[in-house]
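We just call them A, B, C, D, E and F in the order they show up, numbering each chain from 1.
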Amino acid sequence: MSPEFIAGIVVFVLAGFVGLEVISKVPPTLHTPLMSGANAISGITIVGAVIAAGLAEGRFATALAFFAVVAATINVVGGFLVTDRMLEMFRKRPSRPR
Amino acid sequence: MQVGVPHQHTDTERRTPVVPDTVATMTEWGWNVVVSPGIGEPSGIPDQHFRDAGATVGEEAWRADLVLVVRPPSPHQLSELAPGTIVAGFLDPFVDVDTIGGLCVARLTGVALEAIPRTTLAQAMDALSSQANIAGYAAVILGSMESPRLFPMMVTAAGTIPPARVLVLGVGVAGLQAIATAKRLGASVYAYDVRPETKEQVESLGARFVDAVTVAADAGGYAVEVDESAQAAQHAALTEHVAAADLIVTTAQIPGRPAPLLVTAEMVSTMRPGSVIIDLAAATGGNVAGSRPDETVAVGGVRLLGPTNLASQYARDASRMLARNMIAMLERGRTDDHFVIDPEDEILGEATVVLDGEVLHPRSRELLEANRTANSEAAS
Amino acid sequence: MTELLYLVAAVAFIVGLKQLSGPRTARKGNAVAAAGMFLATVVTLVELEVVSWRVIAAGIAVGAAIGAALALRVQMTAMPQLVAAFNGFGGAASALVAVYELDRTGGGFATETAVTVVLSLVIGVVTFTGSFVAFGKLQGIIAGRPMRLPGGQALNVALAATTAILGAWAAVSGEALPFWLALGVASIIGFTGVLPIGGADMPVVISLLNSLSGIAASMAGFVIGNQALIIGGALVGAAGLILTMQMGEAMNRSLGNVLFSGFGGGAVAVETAGKPVNRATPDDVAIALAYASNVLFVPGYGLAVAQAQHAVRDLAAALEKRDIAVGYAIHPVAGRMPGHMNVLLAEADVPYEQLFDLEQSNPKFTQTDVVLVIGANDVVNPSARDDATSPIYGMPILEVDKARTVVVVKRSLSPGFAGIDNPLFYEPDTMMLFADGKEAIESVLAAIDDV
Amino acid sequence: MQVGVPHQHTDTERRTPVVPDTVATMTEWGWNVVVSPGIGEPSGIPDQHFRDAGATVGEEAWRADLVLVVRPPSPHQLSELAPGTIVAGFLDPFVDVDTIGGLCVARLTGVALEAIPRTTLAQAMDALSSQANIAGYAAVILGSMESPRLFPMMVTAAGTIPPARVLVLGVGVAGLQAIATAKRLGASVYAYDVRPETKEQVESLGARFVDAVTVAADAGGYAVEVDESAQAAQHAALTEHVAAADLIVTTAQIPGRPAPLLVTAEMVSTMRPGSVIIDLAAATGGNVAGSRPDETVAVGGVRLLGPTNLASQYARDASRMLARNMIAMLERGRTDDHFVIDPEDEILGEATVVLDGEVLHPRSRELLEANRTANSEAAS
Amino acid sequence: MTELLYLVAAVAFIVGLKQLSGPRTARKGNAVAAAGMFLATVVTLVELEVVSWRVIAAGIAVGAAIGAALALRVQMTAMPQLVAAFNGFGGAASALVAVYELDRTGGGFATETAVTVVLSLVIGVVTFTGSFVAFGKLQGIIAGRPMRLPGGQALNVALAATTAILGAWAAVSGEALPFWLALGVASIIGFTGVLPIGGADMPVVISLLNSLSGIAASMAGFVIGNQALIIGGALVGAAGLILTMQMGEAMNRSLGNVLFSGFGGGAVAVETAGKPVNRATPDDVAIALAYASNVLFVPGYGLAVAQAQHAVRDLAAALEKRDIAVGYAIHPVAGRMPGHMNVLLAEADVPYEQLFDLEQSNPKFTQTDVVLVIGANDVVNPSARDDATSPIYGMPILEVDKARTVVVVKRSLSPGFAGIDNPLFYEPDTMMLFADGKEAIESVLAAIDDV
Amino acid sequence: MSPEFIAGIVVFVLAGFVGLEVISKVPPTLHTPLMSGANAISGITIVGAVIAAGLAEGRFATALAFFAVVAATINVVGGFLVTDRMLEMFRKRPSRPR
């Protein structure tokens, strides 16, 4: 195995632990927003897609890369936006007549 | 319309069927209210307060279209009323044959609070409940006065006083309030009722339920009479609890029937001297052997009290609640400035035991007929 | 330098995830994570030796337009399926990156790289198809009830085994074919794995697929040798797993149970007479309370049965500490005897000033953020007001249904003393917390400390 | 040693200074106890129980070495006792000049429970505390019987009954128990005392303290008399609370002084008709204008009760606690099978107001001398 | 392969640390971490191209002997200083590794490596000297009270600045001298930094030094290019920091306060009349309760003042849920009126069966694991039994001092009604929880859920 | 910066996050044992010391390496042992007469 690959494994394991530990007890009301936010983060694959698109040569490769970028961007942009919408409710309501 | 509230106080009756608040409501309706002088005195309500609310204070309270009463008027009083007069209040319509007879003879209308159905809807008019509630409270206060024991547990430099033990038999409205009051005072409370659903209710007040015979209630939520073997089982289960009690409050009733005997003379004899029994069912025969209405009987060292109108002791609040029940009932029959009875009404119709001299309520009719039969048998 | 900037982005993800898991910080956390993503993307673009900017620009423009439109248009109630769809795209992107590499190299990878290519292909495509099946179920395009497949779970086991064998072949052979075959077989697993699961369990499934899409991204990172992907993907993979387990717990189901039982077709423990109710957990109630500015408690006979008076008083005290105004609305016939509630609340030392009777309470409800009904039923039954055929029509009630949110604590949907059903329980603004009164209030109290 | 427990019951006295438990202890010590017949009846203790504990039941209770009493014997009874006899119990040694005189004349020894120091160490013998405690409880129960109001708040179908308002003035032992009992019954309780530390104590029972003049207590923990301007300020601060009260219980005492006047006639007149005042200080002049010992006085619609021996109502527990106090005191002086008084003992020495005809306690001596002066002045 | 085995060791450290932070798993966690350490060491030895086994063997033998001897011999009360000493050795080792590299290379490092060499030298030596000063203070070799230095904090600032400048010089110059100078100056900081801090604050200081020794190890890892050191050191550095902050919090002091105020010379908020008391936190009490099999509550006047009756009842219920037997010992004159405690406990619905009076209670105490005294004082004062000169000599008391552990909840050491001091508070088996009764019990209740 | 060095930084940051997150609220009774256990882990520098000792040539270097190994070993062995001793109290006591 290449040193980079091994370094990758080390990083993978450590990041995994961070992921496990960073989430403590989450109130159920936050389950969906948290899932949605995490999902948007998994759109990091956009970086891969962009790299591929930047280097792509040939019809098929370009098409692949294009779709990869589109898909990843949908995930990222849509994901963060929708999460924010869901979280709008977490603003303290002022006392008000209805 | 003319409304009269006559003076009816006796040694054991201190309530009024109106308070200034409800007088003001009737005045607003355009009714003229006349109250007898001094009627509010035991409740701490001076005549002036009734005047301020719009009433006239005077002696002509019996001369009215609607007469409000806290207990059945005497046959003589009824006979002096103008035909068509409505008499509303406690009329004891299923027991007091004289009153029913008197209403018929004088061609009056009688609206009995006792005949209001015990439904969720009619609760605001349910004077039996409101007064039983006070009676339950009063029974425990009276019992704690009469008892030589302190109710709460006290760990003190002069020794540890264990909590008094209170047994409540019959857990209707009065029984529940008795439990609550005894618990408040710190007593250790046990209770029993024949209806099974009362177990949960007893425990919801933090008291302990005595497990003995239970029999499901009738459709109206009232207890049914139990047979002899079941009664024997009741007695057996209750014996140890009776013997251990410092105070017993009994409230068991079965509508239309004599009160069930729950504590026998033998059981009373096992009680510690100084113990007290308050039998709230004394008027209908009593739950305790030897109890007598409105008397105190000593059996060995045990005292048996049979108060029949304990609620009246707390005249101010009893009157306040009674007046609220009354006004809720009157409001149901009010049309413009009149009080009109619709015999088909599910509440007022039930409560109107006699309409213009005609007996409407089947149980009152039964009572009259039974009485006639008895009289004619006696005569023959 | 790129690597260190990627590290900064990764830190943003970590901080963002942490903040997303607390109600107070969640919004900020989302923004922080988004900023990290922006940084990672910009760094990539800047560092890149580009052949064609056109493809990238077009791809980002199209993706951003679609994503934004969906995110901003869709109704709140359709959120879960939207997340599923987004997740599917994420999985697809990871798979596409791997396909691209496969296409570029023709399959001649070092063994360990080949393994990661297979993994990102397989996991990516399972996420893709699985997410869209979940989307379809929630959106009503595919029937929500569990679908029995021929062969049942055996089919899935067979498919998984086939994929594994194909993967092994790909890893050792250096040929492209087995990669493609593995991709094909795995794409079926998305269907066969999710179709047998009922609609009610979909949120848990989506969360699991979300975790998988993280792993797919991480594997894609290995494929193209990019640490940003490895870290970000691993983070989401692990965090998503924890979240999935917590969601299962909240529904009282283990993960295995959700995936393999096939019974989650809306099988709720309580018979709701066909009508849907909003079942709440103590945490939901705690959040509703914590974000209210005033709360009224409505006690009933169930409070007495549960002897929950002390717990309620403790909860009220906790709310008051947060400057939330509390009161108690007492119905005249709540309980089983006159003054029943008074006895209990006095025992718990509730100050008399906080008690309101019917006349005082009813004008308050329209101004009340949360009404917490504890073991009361008949006395808050709107049919006494609205339904002339109801046996209790005409009885005055506490009009709790006028409040912004109503929480009802009782053990089931069974009726109270009057024996009649209560339409309040099925209102959209009503949350039902099914539990013994005392235990329920105690758990809400415990949960409120964490909000 | 011969111990006698004579019968001393009257209308207001129902206690005994021994119970079977303590009789058994004395018997164990080798003391012979004679109790008068029927002595335990109001407490619910049959004679047989005393016999079972080792006592003789008979009439010769006055002929003993040690006579235990629940109230001062009459001078005549004292004169018949053999010189050297020890009389122990409530002797009212700082007020009742006849008893002190009687003890001297007959050359007796008097051990007064009232003179036991109120120290932490002597608490087991502190009968004033144990009986005041019961009196505080009894006052509230009595008050709730007499009042036309229910004490707890009740939200019911017949309207909302607000909680009764109870005001307790003087927060010593009796006052604290009165507060606790009224709180238990659900009343809304306010209290006031002149000693500042009582504020915390009142609040520790969940009641509200009325802020008015406070003055630090003397070294013994007793209140001191306040001057006229302070008293006026007290009245001003209390006026609104008196007017709002359904029941007032007053317990304020200053040792050796007449009880302070806390509620003036004018203040009484502002109260609602039906309100009740229980003045536990009536015996020493009363905290309320117009109250009279052991009588009920009606002022307008307000009733003033001045019971002087309420503890005795709860005869069983009052006797039990009293007997425990007594035995603790006797144990302190017991040597083998005798009871010996060491005048230097910090507790027994204090309590022995008269030793073999000689007055030891300075306050009793003052009392005697003041009386002699008054007599001689009257004579001259 | 080495790297992956190091990774396994790192995972063991992570798991070990996590388990160490919970009472139930702490012992196992320690073992797991130790196993990780063993693995890392063995892997190193196996992979190593050794010049001389002798030095290694001798070093390990000597070190293990010393370490084991110290660890197994020292008394429980001397644990904190022992930890300080061990920590000092750890810092020294990191510094020595850096010195070794410096010696080997003569200072010609790449800039970034030079920075890490400086850091491991400096941090290592500060840890070393600082730890031994802390050790000396706790062991009583150096005076525990804060020592004022000439120039105060300015001196430390100057020293730190000098070190930084020397470090910068070292990083750019490629010469050995500045490294040595930095080492020298930094070794002084260990003294001047810790001497002005009082003995009472030493545990926090040791924890901070512990965190620093982690960083030093991590830097040493950079120096010799070993990931095991980087990961293990970073873990401890971060975890130690969190722990340090939590310890400061538990003592109600911020970290800055501890380091720079110089007032921690046993400056406890409560006047202890010269005698030491064991101050406990709610968490300590929670653990003591959770590991008991029976508990007696002793209420006094303070319970009434604090109106803590409901809280106590809730705590009792929580203990009963854990199968711990509870009861209440009521002294005849507890409170300010006869039956005072009864009124309150009845209000809180404590069952009468759980109440024991003096005669019933006293035989129980010797069998009782934990007695929780809440706002009682005179009635548990042993001088009434032991001290014939006490004004309350002869009064019967609740002999709580016979129990295994006594916890006393009150706001201060001030006396009760009788106005006399209470020797119970200074007993070694007594823990004092200084707080309002209600708040104290509520925090204990909150803490017990986490045990 | 060398790639290894950068990889080291990445690993350092991630491990740091794991360290921050892995410790949640610790009861005070565990403060000292946890500190002690963490301290033992920081003895990982033993790996560095051993490497140095294995390669050391020359008097001074050998001496340095020797002392490094000794110091690190004391920290590791003593640290884990003493932690274990402290944790002995966390065994549930059975009901017992005393």
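Basically, a contact is a pair of C-beta atoms (placed from the backbone, for glycine too) under 8 Å apart; a residue touches a chain by one contact, two chains touch by 3 or more.
Bear in mind the structure is a predicted one, so any value in this text is a computation, not a measurement.
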* Structure fact -> Min route length, chain touch network, chain D to chain F, equals 2
* Structure fact -> Farthest CA centroid from chain F: chain B
* Report which of D-E and B-E is connected by more C-beta pairs in contact. => D-E
* Proportion of interface numbers common to chain A and chain F (over half same, under half different) -> same
* For chain C and chain F, let me know how many angstrom lie between their CA-based centres, rounded off. => 40
* Structure fact -> chain B and chain C have mean C-alpha positions lying a whole-number Å distance apart equal to 57
* Structure fact -> Multi-partner residues in chain F (2 or more other chains touched) are 3-4, 7, 10-11, 13-15, 17-18, 21-22, 24
* Could you say which residues in chain B touch two or more other chains, in rising order? -> 123-124, 129-130, 133, 152, 154, 156-159, 161, 184, 186, 206
* Of all residues in chain E, which are in touch with two or more distinct other chains? -> 10, 14, 18, 227, 231, 307, 332-333, 338-339, 343, 346-347, 349
* **All pairs of touching chains, each written as two labels joined by a dash** => A-C, A-E, A-F, B-C, B-D, B-E, C-D, C-E, C-F, D-E, E-F
* Could you pull out which chain A residues touch chain F in their complex? => 3-4, 7, 10-11, 14-15, 17-18, 21-22, 24
* Structure fact -> Given the complex, residues on chain A that touch chain E span 3, 6-7, 9-10, 13-14, 17, 21
* For the complex, which residues does chain C have touching chain D? -> 330-334, 338-339, 341-343, 346, 349, 352, 355, 357-358
* Give every residue of chain E touching chain F within the complex, in rising order. => 10, 13-14, 16-18, 20-24, 26-27, 29-31, 33-34, 36-37, 40-41, 44-45, 48-53, 55-56, 58-60, 62-64, 66-68, 70-72, 74, 76, 79-80, 82-83, 86-87, 89-90, 92-94, 96-97, 99-101, 103-104, 110, 112-113, 203, 206-207, 210, 213-214, 216-218, 220-243, 246-247, 250, 281, 283-284, 286-287, 291-294, 366-367, 369, 404, 447, 450-451
* Asked: What does chain D use to touch chain E in their complex?
  -> 120-121, 123-124, 129-130, 133, 173, 176-177, 180, 183-184, 200-201, 203-206
